[in-house]
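In the part that follows, the structures are each spelled out as structure tokens.
What follows is a pair of complexes built around chain A, which joins chain B in one and chain C in the other.
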Partner chain A sequence: MKNNLKGWLYLLPAIVFLAVFMVYPLIDVFIYSVEEGYNSASQTYFGVGLFNFNYVLRDPYFLQAVKNTLILVVITVPLSTGLALLISLGLSSIKKLQDLFQTIYFLPYVTNTLAVGLVFMILFKPTAYSEGLVNLLINFFGGRSVDFIDGPYWAKMFVLCFYTIWIVMPFKILILTSALASVNRDYYKVAQVDATPSWRVFTKITLPMISPMIFYLVITGFIGAFKAYSDAVALFGTNLNAAGMNTIVGYVYDMLYGDSGGYPSYASAAALVLFAIVLTITTVNLLVSKKNAHY
Partner chain B sequence: MKNKVSVGKVLIYIFLTIWAIMVIFPFYWMVLTSIKSYSSYNGEYVPQFFTLSPTLENYVAAFTQVPLAKYFLNTLIFTIITTAVMLVVVILAAFAFARLEFKGKDLVFTLFLSLMMIPNELVIITNFQTITSLGMRNTFLGLILPSITSIFYIYLLKENFAEIPDELYKAAKVDGTSDFKYLVKVMIPISQPTIVTITILKVIECWNSYVWPRLITDDEAYFLVSNGIQEIRENGFGRENIPAMMAAVVVISLPLIILFLIFRKKIMAGVSRGGTKG
Partner chain C sequence: MKVVLSHLTKIYPSRTKGGKPVRAVDDFTFEIPDGKLIGLLGPSGCGKSTTLNLISGLETPTDGKIYFGDTDVTGLPPEKRGVGLVFQNYALYPHLTVRENIRFPLENFRGKDKLTNEEMDRRALEAAKLVQIDGLMERKPAQMSGGQQQRVAIARALVKMPRVLLLDEPLSNLDARLRLQTREELRRIQNETGITTVFVTHDQEEAMSISDMIVVMEKGVVRQIGAPQEVYDDPKNLFVAKFLGTPPINVFRGSVKAGRLMIGSEAVLDIKGVPDGDITVGIRPEGFVLNENGRFTCDLTRVEVMGRDTSVVSTHKCMEGVSVRSIIPSEDKVKSGRTVRFDLKPAKVHLFDAKTGERVYYEVAK
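Coming up: the complex of A and B.
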């Protein structure tokens, strides 16, 4: 009996914090999402129903955010995973400078997204004084200058994707490099004895052996990209709706706070829609990986 | 045959170098811009890739014209307190799961693990309302409270604690050592590498945190560096003073880069065990 109490005592701080800041909010978000016309100031509402979902799903800002997020996901997840695989393969085939490259590649992981986003902004943005480095490069190859920060939609989307990939690469390279390093050397030796061509070694040995890690990266990549937000703020500023570059998570926060805020019910409905999308995609991913991955 | 192999190697090195440049270049550009003077930066239609007259005036501006030192100090306080309190909470919980026997332990542990799947975006809405209604906006307490438990770190540490042989515990019990003393004198020193890893990962997370601080503070006196840099971008220096802005960016980025270069191996091992960004 005394022991029972002691165990709970040690757990108490964790349980209290989780209860207040995770379990209760988790229940509350469902309640918020069905309270119609909730007023933050008076904490009152006048009905229960699905109006909030209806509103959110018709809100042009939300639809724009969904579109932006989907494009971002579809472009960055395959590109970053593929590029990370190429780089990791390159890394694991060299000895000299391997450590140096690995250290450099990891740098974006420890940098502040908001701060380094400013550097990307000045590289891509033409100003009154200069076209900006990227545009000068484009001009050099005979192209016309584009305002990547306040200009056409595809240009802004390009920078956003580029920056997102730059940010997520360290994690993927790290995971794939350690996966490659853990493949049993004996397989390669046998292949060498049999004089197996290198692309066959790759598709028949390497790829199957690291496929669980690739699927892991694809799944976490999808989840991460669906929650994109601070990279967009870093590039386009806090008013993402005006820039037309809002993301789903950005929409949730805008509904909560700031000039457009004060609507926790709409925010909750949007967050639940996002959660439903992510859950569906993760489930599909898991089913596909169960079928194809070699464990 | 031998020749063909070395051509392949050269191509690999070229490819790897290109990506290395892509990664390094923004850092180089930010340091370079931060040491150019305002007039020389704006005078360059084609930006120069090096400067012969470096200046520290932008760093002076960053610390005098905008409250960068304040943002920096706030972030330091926030990071230290959050990490310290989280370590206590996490260590106690991990110890209970790994070493103590009590009714309902397995059930609670399963519940903890299932909570790990809940995305932050779902709970942040109510947390925002909670902290607001408690009148804790623009306070350190409001900034810190929601981020002092991490189920993932509890899980990581519990696994580590569980590896410590039972015999040690039984011997300590025979000697009449209390559980708490055993935790402090034996388990924590043995698990020190994991605890250091957790600490570093949490410090990185705190230093870079943006969303929660943005929701919960609108008084500049409580801004952390992420919000500070956003504020500087939108309202500080006058919009065109890019070199001063870059100096602020350098100051903000430096602590974590130094931390990384010191603890490189530990950080990378820790992240590959289960850290994701964002």
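Coming up: the complex of A and C.
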């Protein structure tokens, strides 16, 4: 009993910290989400119910945000992981200048999001003075200029996905190159002596060996993409609803602090919807990985 | 299939700038007879693993040729050589079962060599039976002991019927008891299959106990090749003499004066055919005979009783190393005292050139 007490004492700092900064806000969010007509100035509400969810789920801005986020997730997670795997395989098969290339591929990771956004603006945004580098390229190949920042939806989505993939890849490359490097060379020697074709070496040896890392990247990639917000702001500015490029997290932020903000109840409801989506997807991911990854 | 190594040399460029290139294997010539088990023996860094890699084709020689039978395979990549390879850490695919691991090499067959599913299973089972793990076909490597994993690795190397089986420190990851068991197993499997086998080890006891022939290497150079007993009884140089035998040979700084072998001030043997001068004397632990009036006196440290025989630990001012260890029958009782005296068995006393370490042969004077 005495030992037990001591144990709890050791845990106390962490528990207090978690309780104040995680558990309490979570409960608070849940409470906000069911309080109807909550007014943050007067701290009053008229009743308890699911009205906030009802409102959020019918809000065209929210539905647009969900659509944007889903497209972003579905496109960027597989694409960035696949590309990162290809680049890592390339990196680990070259000997000369490997460190140099590794550093170059890692640069985007240490670059500020907004600075990268600025660079993308220069690449994609037509201004009074210039068409933007990408448009110049399109023109060169005989295409017509596209406004990637204020133009059609698909063009804006393309830039957002491009940007997201570009920004998440360095970390994935870093993880995958070290995963590839940690595969024992003896497996490859035995496989070579046994005349194993290279595609078979890849699918039967390399891929299973690094599968835990791939699943880790996919799961964290899904969660990260669902929480996308700053990338969209860096490209399209703060008024994302007007640009039609809002994300779920962006919607939550707007409901709290945006020009039309001041609705913590709607924000909480939207946040809980996001939570439910992420929880479902992650559970599915974990179930799939348990079946397929070899630890 | 006999394996012929002819003037095989492997030179690695220096790791440091301006350093000397490393001769990992230096002018290795040897014909491994068909169906024999050969032990490549030497301390770490002596080039034994490099030699194995050269035979497998994972490394290409700087100079020299390798023949399997009468075919020159020097330029052939490893996948075309038809060798089986087993590593110290087994290198079993952890996500595959025993059956899948053993089948793996067979599934690589293409074109006319392609096997049916049933044929692959049959051959995998046959190989598993040979190494006596046929009861564990559906296990994953992690669910087996080290010895069992090593058997799976051997089965995987054997299943495609290799022309040569290569084992790189196959027993080093096993505990002492399993090592004894597995090395006998290795000998049995090799006998049953008759596949020419080369195995690398740094453990001289392991090499001596199961090899038909051993090759002792030092710094890339072959120091002696022969049947284990022959190499032990008749070492060509001090390195081989010191490397083989437990406890190791006792080495003394001695000299030859007018037909007498001197260690310190004592004439321990009367010999013929060696000119006067300094000489290195090696005496096997079993070369000592306890005798109260013996010609060789050592300072007694302690007596270790081992049951079957007795180990006498002593020191001598002319010895190299920390002590002199002699093994005598347990019936011979050592009288306690400060000194102990021995006679020497000439067959167990080897002389080496004091500078080069090469063997100096002598005759016993009557």
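Just so we're on the same page, the second predicted complex is superposed on the first by the 277 of 295 C-alpha atoms of A that agree within 3 Å, B and C clash if a C-alpha of one lies under 4 Å from a C-alpha of the other, contacts with A are read in each partner's own complex, and residues count from 1 in each chain.
FYI, contacts are C-beta pairs under 8 Å (C-beta built on N, C-alpha and C of every residue); 3 or more make two chains touch, one makes a residue touch a chain.
Bear in mind the structure is a predicted one, so any value in this text is a computation, not a measurement.
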{"item": "Chain C versus chain B on the shared chain A, clash or fit after superposition", "value": "fit"}
{"item": "Where the C-alpha centre of chain A sits as vertex, the angle toward chain B and chain C in the overlay (nearest 10 degrees)", "value": "80"}
{"item": "First (chain B), second (chain C), both or neither touched by A:Lys204", "value": "second"}
{"item": "Touching partner for A:Asp194 - first (chain B), second (chain C), both, neither", "value": "second"}
{"item": "More chain A residues in contact [chain B versus chain C]", "value": "B"}
{"item": "Touching partner for A:Thr44 - first (chain B), second (chain C), both, neither", "value": "neither"}
{"item": "Chain B versus chain C as contact partner of A:Gly237, first or second or both or neither", "value": "first"}
{"item": "Partner chain(s) touched by A:Val20 [first = chain B, second = chain C, both, neither]", "value": "first"}
{"item": "Partner chain in contact with A:Ser182 - chain B first, chain C second, else both or neither", "value": "neither"}
{"item": "Contacts of A:Phe275 with chain B and chain C, given as first, second, both or neither", "value": "first"}
{"item": "Which of chain B and chain C A:Thr283 touches, first, second, both or neither", "value": "neither"}
{"item": "Minimum C-alpha separation between chain B and chain C after superposing on chain A, in Å", "value": "10"}
{"item": "Residue numbers on chain B that touch chain A, as the complex places them", "value": "9, 12-13, 15-16, 19-20, 22-24, 26-27, 29-30, 33, 42-47, 88-90, 92-93, 95-97, 100-103, 105, 108, 112, 115, 118-119, 121-130, 145-146, 148-149, 151, 154, 179, 204, 207-208, 210-211, 214-215, 225-227, 229-230, 233-234, 240, 242, 245-246, 248-249, 252-253, 256-257, 259-261, 264, 267-268, 271-272, 275-278"}
{"item": "Residue ranges of chain C in contact with chain A within the complex", "value": "56-58, 78-81, 83-85, 87, 89, 91, 93-95, 104-105, 107-108, 110, 156, 160"}
{"item": "Touching residues on chain A, where the partner in the complex is chain B", "value": "3-8, 10-11, 13-15, 17-18, 20-26, 28-29, 32, 40, 83, 86-87, 90-91, 93-94, 97, 101-116, 118-120, 122-123, 127-131, 133, 136, 166-171, 174-175, 178, 220, 223-224, 227, 229-230, 233, 237-238, 249, 252-253, 256-257, 264, 267-268, 271-272, 274-275, 278"}
{"item": "Residues of chain A defined as touching chain C within the complex", "value": "184, 186-187, 189-190, 192-197, 200, 204-205, 208-209, 294"}
